[in-house]
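In this document, chain identifiers A, B, C and D correspond to the written order of the chains, with residue numbering beginning at 1 in each.
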Amino acid sequence: MSEKLWGGRFSENTDAAVEAFSSSIDIDKRLYHHDVEGSIAHCRMLAKCEIIGQDEAETLIRGLEQIRVEIESGGFAFLDRLEDIHMHIEHRLAEIVGSTARKLHTGRSRNDQVATDIRLWLRDMTRQLLGGLHHFRKALVDMAESHIGVIMPGYTHLQRAQPILFSHYLMAYYEMFTRDAHRFEDGLKRINILPLGSAALAGTTYPIDRDYVADLLGFIGVSGNSIDAVSDRDFIIEFLGAASICMMHFSRLSEELVLWSSSEFGFVVIPDAFSTGSSIMPQKKNPDVPELVRGKTGRVFGSLVAVLTTMKSLPLAYNRDMQEDKVPLFDAADTLCACVDIYTRMFPALKINAPVMEGAVQTGYMNATDLADYLAAKGMPFREAHGCAGEAVRYAMEKNTELHELDIDELRSFSDLIQEDIFNLLTPRAMIERRCCFGGTSTGNVLEAIKRAHEQLAEDALILIEP
Amino acid sequence: MSEKLWGGRFSENTDAAVEAFSSSIDIDKRLYHHDVEGSIAHCRMLAKCEIIGQDEAETLIRGLEQIRVEIESGGFAFLDRLEDIHMHIEHRLAEIVGSTARKLHTGRSRNDQVATDIRLWLRDMTRQLLGGLHHFRKALVDMAESHIGVIMPGYTHLQRAQPILFSHYLMAYYEMFTRDAHRFEDGLKRINILPLGSAALAGTTYPIDRDYVADLLGFIGVSGNSIDAVSDRDFIIEFLGAASICMMHFSRLSEELVLWSSSEFGFVVIPDAFSTGSSIMPQKKNPDVPELVRGKTGRVFGSLVAVLTTMKSLPLAYNRDMQEDKVPLFDAADTLCACVDIYTRMFPALKINAPVMEGAVQTGYMNATDLADYLAAKGMPFREAHGCAGEAVRYAMEKNTELHELDIDELRSFSDLIQEDIFNLLTPRAMIERRCCFGGTSTGNVLEAIKRAHEQLAEDALILIEP
Amino acid sequence: MSEKLWGGRFSENTDAAVEAFSSSIDIDKRLYHHDVEGSIAHCRMLAKCEIIGQDEAETLIRGLEQIRVEIESGGFAFLDRLEDIHMHIEHRLAEIVGSTARKLHTGRSRNDQVATDIRLWLRDMTRQLLGGLHHFRKALVDMAESHIGVIMPGYTHLQRAQPILFSHYLMAYYEMFTRDAHRFEDGLKRINILPLGSAALAGTTYPIDRDYVADLLGFIGVSGNSIDAVSDRDFIIEFLGAASICMMHFSRLSEELVLWSSSEFGFVVIPDAFSTGSSIMPQKKNPDVPELVRGKTGRVFGSLVAVLTTMKSLPLAYNRDMQEDKVPLFDAADTLCACVDIYTRMFPALKINAPVMEGAVQTGYMNATDLADYLAAKGMPFREAHGCAGEAVRYAMEKNTELHELDIDELRSFSDLIQEDIFNLLTPRAMIERRCCFGGTSTGNVLEAIKRAHEQLAEDALILIEP
Amino acid sequence: MSEKLWGGRFSENTDAAVEAFSSSIDIDKRLYHHDVEGSIAHCRMLAKCEIIGQDEAETLIRGLEQIRVEIESGGFAFLDRLEDIHMHIEHRLAEIVGSTARKLHTGRSRNDQVATDIRLWLRDMTRQLLGGLHHFRKALVDMAESHIGVIMPGYTHLQRAQPILFSHYLMAYYEMFTRDAHRFEDGLKRINILPLGSAALAGTTYPIDRDYVADLLGFIGVSGNSIDAVSDRDFIIEFLGAASICMMHFSRLSEELVLWSSSEFGFVVIPDAFSTGSSIMPQKKNPDVPELVRGKTGRVFGSLVAVLTTMKSLPLAYNRDMQEDKVPLFDAADTLCACVDIYTRMFPALKINAPVMEGAVQTGYMNATDLADYLAAKGMPFREAHGCAGEAVRYAMEKNTELHELDIDELRSFSDLIQEDIFNLLTPRAMIERRCCFGGTSTGNVLEAIKRAHEQLAEDALILIEP
């Protein structure tokens, strides 16, 4: 009989080029741990349900554990001919334990087995990622806390808009990455469901106990429909969607670090350990890490498109096309984890150039809004006040000066409502502290946001210590 | 002063081509209802907080409601010159109530206003979509219930694999669209947050009450960081991600309806009312609705890519690029709603050709698995049993017959374990009923799945009747 | 008989919701001109081949021309019930000329008709786009010519790298948009093929003369396989691919204009006519046009993904899914044309702040490469020279000065090879002029590049005046 | 001094995690051959221009050739610490030839070096792909030639439409893959341009001879603008666009092979050597190769999206983000090549089930169009004839028979124009042969198309034998 699991009705051997083309062992061998874990649980259940003997189960489990050790120690041969990790393990198991090995596949199929493995893998990967994001979110909050006094320009349209606390800016990213974490957690609910027991597509004829397997493997539920269970890859796409949004956030943060480390901005110095130089220009120090992270955004978006495309229009249930889910999934997950990790390392090492940030707040008419608010507070309709402040800006620009450098007479030429108290209002610090509504940039607000973040991080840590 | 909200410092008028290029009024006018709703809530809050007078508030609200009526009755002029729906409404408000109109913008900016409008709109759209999906899921369950006796081939790799209940197949799609619904509900948690009060990016200097506005508008929370609040479009991408998965499901179902209505399959007849003919071939009846739905998958995937691309690498906070979120969002949401609606209409009208489905189960060696299981139950290791059944299939194929048409001696030539009782086991009905583990295709299982679905639909209906 | 073209075998009318769902008239009515044009050519050919009478042909053509006038004058009613533009025109033709109208469809089908219309449309659109790109490329060259003396920093990694001519930078974009133009021209070869005469999919039984129709319509060839001709949408995807690359170029240029108009760079002032202000911050002047263009990149990429997705896995020949090609095609083409147009208007109006650009060249150690080259020219291996210049940079940075501000003794402490002549070499102007190999930034090179560009523009103009 | 090329101004070493994160050696080591080739040409030119000595050049070239041998024999150590293949080779060169190695980098930079390598690689890959496509196109034509008599139903909307020759269907794919080949050839014009000599971004100060390098390396031109030359990745995206269209074609063909090898169609048998079985269902034979190819479409579309996303909004010139071009490019090119190869192997081995195909033509009213044409030829306006044939189809369907099985009286009840000669016209063979206009399915036409294809293949072979 052929080595293949399915050789019985075949009269020709598989073409070697086809074996190489269709083999996925280079990719899916990294599932070995979860494949062994799933098989052990399946095996324990078969024994509990008296479908196989207790001693047979023990033999199988010992064999599986030996294989795991062999793989981890590097002493395991991978061959295209054996297609995938599932076949490799089963084939080796037969070498170790003999014909009992053939009982392991009772009541299951590769279709539900591969779905189980990939869910186990993605559950672990999601938790690892949540752990990584937790560290990075903490790094953001810690940095916000330690830099609470630093003022910088807030931008819209990359034009200086209003002064803000640098810590407020950091906490904006904390919000984004917190949403990311919660999105991954929502996805976990749909990943963490056991498909095993669905067999090829219609369920199994053996009296198996799926809940017991779910308990052993820590799944929170079992799939309700066997056809769906073997043809569902939604959870992969949902993960890739969340990963894409998270990479989009990294691309924004990276863009800003690239801008900020330019000569023109000079807000931040990326330490030498996180930069590279130029092979031709000796003076260069390049923000390689943010650039690479920004560039890797493409790969993660591409992976999302890849799996959506692959799944489009596939009839139920399993189709071989679905083997193509793994390269994009693994690549996107690895890429995102690497980006989270490198940012968590780099962030505390960034040198913030506070004097330059604060200097940038002094110019650019960022107090024009507050002049308008001042006028509005004195009874001028807001739109009129806005127009009046705009005219003052134009006047000052033509004079090549700033609003707070105009004298009181010049200012009063725009409105009689302006009085000496205006000068106190037009300082960056005053502008920041007056934005004290919930969510605004005042120091008090930002300190409270930091406090809430610490509480949320403590709460979110709970999901990370689940079994 | 210029008509523009921001003309004060400008010495030149906007170029007419620029006005046409940058105007979004053709697109965002459909936000008028939510813009008015948000402005009324903002206005009530300003009065409650004594930032404007109660009488001023009433004047503004009357004006806003008049504008809503004007727009709904078609008596409202839209002009490129006025850029967007927010400007149109404010401009008209000034015509109606005079200079008081200018007070409405106190304590807010277009940046937080537009973020509020789009969240209100998407919240309503999500609920409408959930309602539509609820109807369609019910249509699937009802059809499963009314067709409980119908048998068909289950496929993997588009090869006949094992007999299943047609109702089990329908319930697989019920599972998919239920996950879709829950994914949209998860997204709703992140949509339903009030950004208003974040002003341009740093918060406002006015003593506003954001919680009060959130209550008036039915938001479940207020945003915690003003910079994030005006630059966040995650909720749009998350919606488009969920919409893409849902369309992927429709593409699979559509693919099957196209296959099934072919001459070759003949499993289903799409009624004339849902088909079209050919301008040149009089005999043709084309499955246009499933084809169009399958084709529209592309547009929704494209919209997801569009917004991800647009948001990539944007520095904080608001950038004008973000105006480009609306065309893809509106197009994808409209497309998905239309697909849900047309499927809900079409499904109950499908004519299921049960005899053809059942005929297809008789051939194709679909009972080979059960022959293997039979041997395994008699003690043969499963892999060996599988090989043995495979050989029987090959033998039967060469004889151009089916397994259950072989006589007992022929069958026993493959294994002595085979006895007369085998013939009862090899009927499609017996094969179906023996797959009675949770999630399998047996009638009992499927009836229970239908019962659970009715309960879940009742529960999920609760979210639809929220205020 | 039903109004539908294909009603004969149908016993039920189309559901109204289905009509609304499947109607494409809102989208494809813009093909009216090309549909009429194609029909007239088809009609002339039918008469030439004596398939219809000459008088019938004249009647049909008069009718078609009347319809074109009706549509252009706004006096034409569009109805979902009549599906698409082809049906509308045929239906109206029957009203105008009576039963002769029914002869127009002899020897063709909607499948080859729609393929013809869309090719005619895209051929015109491609030529219009080539015309637009021609103007914009000329605007870039003219600007390069008029600003030939302006020096600016060249960047890599957004770090100042080496001084360049601003004109050299502009000519880099000239190269990109020239490649775009040539890519669209290459695509045109595959667009400009006549599919008419392929009928539904198998060809027609009438003795038609396809070459004559191709001549009348200006096609350069006729399709060689009728099945391919009605199922091919490659030319649309190829166009969208070229459009995506072109928009990517605009996104890069826009990114730079946004950066350059920031306070931090200050290299360029976008005139008021091409900017907008803020509704809340009176001092703001936002680079809306570049931002919008950059944002629109998403839509074009999304359109490419949309059509690729729609076409994936479609069996031959025509499927209704393919109706979904038009929304993304039209949207992407319109978007790109609008971007080309607005940039062509905006570019000559940009105010280049040459003193700021030149000031930026004085700092940042941009002459370090030339110091290394100087040492290498004196015999030091380049890598060693590079290291030596790097150390000089580090020394100068610690002293907070520039390389050319060090005195000769300080410089010589890094290498004895340095002599007084070094100071002439370290000026930006000298650095620029020494890069005089083909393609480099020296003034002579750039002037030659401008000359070549004018010649190329003259040559490329020829394609625009083709019939 | 640090091992890094750019260590001079750096006071800290690179963090090891950063080295691992930013290293691309795992990916770009496959460029080694082209890097060596490019360096040798650069070296020869430096000697020719007397920038280095002839003996130095010979030393360098010997060293480079030794490195190539070391890499090809497996005796070369790759280290994250050395970043990329360029650094690895330079570092090893210094070990072999000592300090002369440092002269190799004279007049070039990593920016133009990497651009050169990737162009050389993609030029070779494109030619390899063109060779592969040439074989596959030939396989299609050969199959068309050897199956010229086989009749099958042509489909639109997956409904049987009109009888066609199977060879005509195959030639439709020949057209598609021929367009693909020509698209890759067009792209080659833009790949095959030498960027070397652009240095970092501004050109070089050395008196190099770029045309000489271009000649040595077989480039057809040199880049005209140094900034563009180092920041251009258009040619990669263009390649990925062409690859995506080509994969879309494979997805269509694969879809059809999957359909055709189903029990329901039964048109084709994929030989055992190109199929796999099921681990649980012994009777299964799955069309794995077409499924995998169809599934891989996702990865290629994803790669296109990846590079478009990465390049979006990058300011000029080189940015480190661009390192991310290689993973998607290599993956897509390898995937496409593997698909072309496996299809070229599989196609000749397909077993065409001609009797089943021809049987499928007998039913489904595929002669309805010809009945309409018959009536039209006798003077009935086509639209009326179409309606009349539609009514005949409805009548026959209700009687559960076919049109050609109705008797003459029944047929005449639909129109008096029908006479006995109708029966000859309604056979599939007659229908096919009457479609004899250029591009139609008649045998004569298809034979001519095959002849044209052979000529075209001979002509296209010329590009494959270029140096």
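The working rule: contacts are C-beta pairs under 8 Å (C-beta built on N, C-alpha and C of every residue); 3 or more make two chains touch, one makes a residue touch a chain.
What you see is a predicted model, and the numbers here were worked out from it, not measured in a lab.
Shared contacts of subunit A and subunit D, meaning chains that touch the two of them, come down to B, C. Note on A-D: across the candidates B-C, B-D or C-D, the interface recurring with over half of the contact pairs conserved by residue number is B-C. Taking the mean of the C-alpha atoms as each chain's centre, subunit A and subunit C sit 34 Å apart. For this pair, subunit A with subunit B, the centres built from the Cα atoms lie 23 Å apart. Listed for subunit C are residues 5-11, 105, 111, 156-158, 161-162, 199-200, 259, 277-288, 291, 294, 297, 301, 304-305, 308-309, 311-313, 319-320, 369, 386-387, 389-390, 393, each touching two or more other chains. Taken in their complex, subunit C has these residues touching subunit A: 156-162, 258-259, 261-265, 277-288, 291, 305, 308-309, 312-313, 360, 363-366, 368-369, 371-372, 386-387, 389-390, 392-393.
The touching residues of subunit C, when paired with subunit B in their complex, are 4-15, 17-18, 21-22, 83, 105, 108-111, 199-200, 271-289, 291-292, 294-299, 301-311, 319-324, 327-328, 331, 338, 341-342, 345-346.
The part of subunit B that touches subunit A in the complex is made up of residues 1, 5-11, 99-103, 105-106, 111, 154-158, 161-164, 168-169, 171-176, 179, 182-183, 186, 190, 197-208, 210-211, 222-232, 234, 237-238, 241-242, 244-245, 248, 251-252, 254-256, 259, 294, 297, 301, 304-305, 308-309, 311-320, 369-370, 373, 376, 381-384, 386-391, 393-394, 397, 432, 434-442, 445, 449, 452.
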